[in-house]
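Quick heads-up: structures coming right below.
Note that chain A is present in both complexes that follow, paired respectively with chain B and with chain C.
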Partner chain A sequence: MAAPSAAGLGRRLRAWLPRIMPVRWSRYNPSYLEPEAKKESYQKPLEELTEEEREHMELKAVRPIKAAPPSLSSSVFSDPMISKFTNMMMKSGNKVLARSLMSQTLEAIKRKQLEKYHKAPENEKETIECNPYVIFHQALKNCQPIIGLSNITKGGKTYQVPIPLTDNRKRFLAMKWLIAECRENKHRRTLMPEKLSQELLLAFNNEGPVIKKKHVLHKMAEANRAYAHFRWW
Partner chain B sequence: QLDRGCALHTAARGGLSSVSSQDVPAQRPRAIFHTSENDPAKHTEQHEGRLYNIPLEEVKAVFPHGLPHRFQQQIQTFNEARVMVRKPALEILAYLKGSNFAHPAVRYVIYGERGTGKTMTLCHVVHYCSRQGWLVLHVPDAHLWVKNCKELFQSSYNKDRLDQPLQASVWLKNFKTSNERFLQEIKTQKKYMWGKREITEEGRPLREVVEQGLARVRSATDAVGVVLREIKQQSHRGSFRLLVAVDGVNALWGRTTLSKEDKSPVSPEELTLVHNLRKMVTNDWSGGAIVTTLSQTGSLFKPSSAYTPQELLGKEGFDALDPFVPIPVPNYSPREFESCYGYYLERKWLQHEKAHTEDGKAELQFLSGSNPRQLDRLAGPL
Partner chain C sequence: TLRLICTTTPVQRKNVGASGPEKYTEAFIKKQIEEFNLGKRHLANMMGEDPETFTQEDIDRAIAYLFPSGLFDKQARPVMKHPTEIFPEQRKIQWGEDGRPFNFLFYTGKQSYYSLMHETYEKLLSVQKHQDQLIAQDLPLQKEKRNLAGSRWLTKIELEEMLLEKVSDDDYSRFIKLLQKLVALPCADIEENYIQKFSKEVPVQLQKVVIEPLQHDERGVAFSTGEGKRKTARATAVVYDNGTGKITVNGVDILHYFPVLQDREQLLFPFQFLGRIGKHDMVCTVSGGGRSAQAGAIRLASAKALRSFVTEKEVEFMRQAGLLTVDPRVKERKKPGQEGPRRKFTWKKR
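Now for the complex of A and B:
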């Protein structure tokens, strides 16, 4: 693949609009490349790179790079799931508050588990999980439904039809249920980190209202098995 | 526990602590951050950067108030109280050990940027003094006396001044917990009338004054004033040493957010508690020392970048405290940072897998700027 000429790029970069306008689209010319934030990719010496990586590096020398979004981080502690969850907790763009709530939640989980750990007898100490990130990921995985329901109208009547869910949809539903549960069903005086840490620990042990909601959804899907053939995709 | 002691003995035989950190083999890299020397009187430069343990019963007896909130949470989570020995505290301890108590009390002002460990330095000094058997007058945060006060009464002793019964009774309760035996030994030197009926005779132990203040909350402020005055008058005799430890001393000479019933602002002189505390902090008495801390965090009407004594105390406060010995408290040195990081790792506070790596450690050091408070805040969710 010969690298395109710089002059041609300069002419075509200005005022580019696609022929069809999709719903979620970006204004960038397709020749723009994504920014690379991971330190490890820049620390590899030249010999270790494979062919495609070498080509990619040469391409980056001529092509323009998109601007880095504010959520892109080169920190070793950044986690995409935690960022997604923080964004979903955010209200009216107050990311500072959402992030501080998230860090207070993780700290609360860690404190509770560590207290339990230090009071437990020796043989039980290995069973207690103290890492808040492991608990968070496992709790989310436990809350994800396997099968979902969708409204399909046929012959004037709307039926709840069981449909398979994509991974993204499962993750979204799990996070949404957790946040909704913590916002609605808590005492006026309890703070969000306290309630969220409680719910995450319950979900980690496969208990709690969110897991119950998931089971209710599964039962409804099982009950509506007869309509599964209404799905055409 | 034994492992830590052994590691320290080999280190102690090595001599200099910098040499010992290379001598001790890599199998126990974390144990050298602790020291088994629990008596602050024996802390020297060799223990710098290391953490010493305070038994939990002693914590409850010596610090009923005064420890920062996050440190109290840490004590509860880790089930132990470990304080780092740092240079500013060692400096003050050296001065206290060498001071002549026949001379007027020397004033020490601990200052530094936000979150560098001023309150913990003060607590270290308070622990040393209580171990040595001094009478410790610890005011945990003077800013609490000049803001957010729900009840302000006109003082019965002096018509111009205002009483704060709630704050005074809380302080009296904690003072009683920390200095039980002194309250029995020190006797009043004057007769005091509380209102129209209650009287405390001359020669009664101070404990009765404190009980009176706790029982009748209205006279708690006057009880505090009496206690301070009696202690100050009797300190020069030499039967006990007095340490006046005030955290946030810049509150005594600033403005308050309180207002009287006619909405006019209250200045600090008009508060009885502040007035009496100012008298304690002057150097016209002997037989002890005054160790104070400046604090911007709870201060009123001061910019957040102010940390030097001149900025925080203002002209009035600086003139009142002058001459004093300034003790700056810097951020963690590289060795102290290693020590704190090693402690968090050992207590399983840093749970993230990447936090154990060199990259994670470098990132923590960069993000916190070696500031103790920032490091604590960052290490919380990790």
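Now for the complex of A and C:
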């Protein structure tokens, strides 16, 4: 069985092996920290940093750092949200196809927005957003639910209890809903980039089926408000 | 008449397993130490060296010479070390002649662990009392923050060695939480001596790797080499100075060798991070692995080569960006009884 890897804090830590092998484990020793690829964060002078950032910097100077994954790069075009979304769109490891679909989607968004821009009258030209990255981020933000529901069994019956969601969970749900929406509710002949760009633009303007799904979830949570005290965490 | 022929009745049979690991008496250990010292001098005489200045390394070399062993496991080979290293430190008997234990926590089973917890909690209470006294006298509390980044707590194994008894994971985490609580209080400086027993220094900037100086080829151009690996791919890169930004892999240009944009982005990552895109030329050779593994291997090799061209601060930035660490992730092995590393066989009800 491959054991957790050994580099770093000496011979003593190498023998760290939990008694029962957990299912979710990584080849890195737990003391390894995440890498930071953005060039700007290394050029900030010392005075601008807050207390937490200073402590974090000191910690980074002492601890070993994990290797940067292939999707992370310091170029202006690499965006962590876009890479996460591409990974979720990917099927059976075909990253090439997923990445090309993503770039075609962004191009389609840009084209549609430019068309609108050129047709619009002078005073409205400033309100039209043409940057596809900004549209993507805003659309995702609009799709994120605030509360979620979870099944809690009490006294034999299962209730849908409203619970707060973590940031990661919100982002994941927004991306999953978008992708599921684009895969199912479309005509057989429409391609993924076209449908995705359509959905993203609708979500950017707070319309569309994904936003409706989010509102439905919020209404269910509001309806089940009475069971909120079942949550014990 | 019946003749009893070699039968062991259950009463006479000794249960070897129930008595636990062998207990070494003090006299036994002393004898072992004397024998060791005598044997050391004999060995020095045999090897023709001075018995007074015969160090442990000399002993190891002599034993390896006199008893050559082809066994793979280093711990199975003949070894001659000081008895304190061979016989594990054991606790002396915990009770007196009348059978009464010395420590009042003996019947808890983990007496040293619980006594340690009690001691640490007493220190915590004394720190809190001191704090209350300072507040009552309206004096300011000392807010000197202990630098947590430079030290680490004892590991579980080190704690076990210190206490000479087994410590479970839960107990260990409870102890560490208590220590952290103690350190978090503002007036914890009083108990600095006590806390230092449980913390160890971590050297800043782990692995001070030696950065090789630049070499110069016939035309006078400075260059440096680096090696990298990822999964099964192995790559070597030679980075030349005063270049135009051309990159050649196995004799082919990168545009032809890596048709995928992601791999080319990975190759350029170290150069883009340092801001030296058009300034260096690179020639690399790579073998093994797949397309993404080869790109990762070349990235690591070029980052290692670029260390010689760049200041120490920038090397530290590269390390924090994850460019200089070897990626330890490899393909997980298939397990018996399952179809793949994680996928199980289809479950059939009957």
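Criterion: the second predicted complex is superposed on the first by the 170 of 233 C-alpha atoms of A that agree within 3 Å, B and C clash if a C-alpha of one lies under 4 Å from a C-alpha of the other, contacts with A are read in each partner's own complex, and residues count from 1 in each chain.
The rule we apply is simple: contacts are C-beta pairs under 8 Å (C-beta built on N, C-alpha and C of every residue); 3 or more make two chains touch, one makes a residue touch a chain.
Given the structure is predicted, the values throughout are model-derived calculations rather than measurements.
In the superposition on chain A, A:L59 makes contact with chain C only, not with chain B. In the superposition on chain A, A:E115 contacts chain B only, with no contact to chain C.
When both complexes are overlaid on chain A, the residue A:L46 reaches neither chain B nor chain C.
Contact with both chain B and chain C is seen for A:S75 once the two complexes are overlaid on the shared chain.
Within the superposed three-chain arrangement, the count of touched residues of chain A is higher for C, of the candidates chain B and chain C. By the document's definition of touching, of the two partners only chain B reaches A:L106; chain C does not. Touched by chain B in one complex and by chain C in the other are residues 39, 75, 77 of chain A. The residues of chain A lying in touch with chain B in their complex are 39, 75-77, 102-104, 106-107, 110-111, 114-115, 117-118, 130-133. Taken together, the chain B residues at the contact with chain A in this complex read 73, 76-79, 348-349, 351-355, 357, 359-360, 363, 380-382. On chain A, the positions that touch chain C within their shared complex are 1-2, 5, 7-9, 12-13, 15-16, 18-19, 26-28, 35-37, 39, 42, 55, 58-68, 70-75, 77-78, 95-96, 99. For chain C in complex with chain A, the touching residues are 147-150, 152, 155, 157-158, 169, 202-207, 260-263, 265-266, 268-269, 272-273, 275, 292, 295-296, 300, 316-317, 319-323, 325-330, 332-333.
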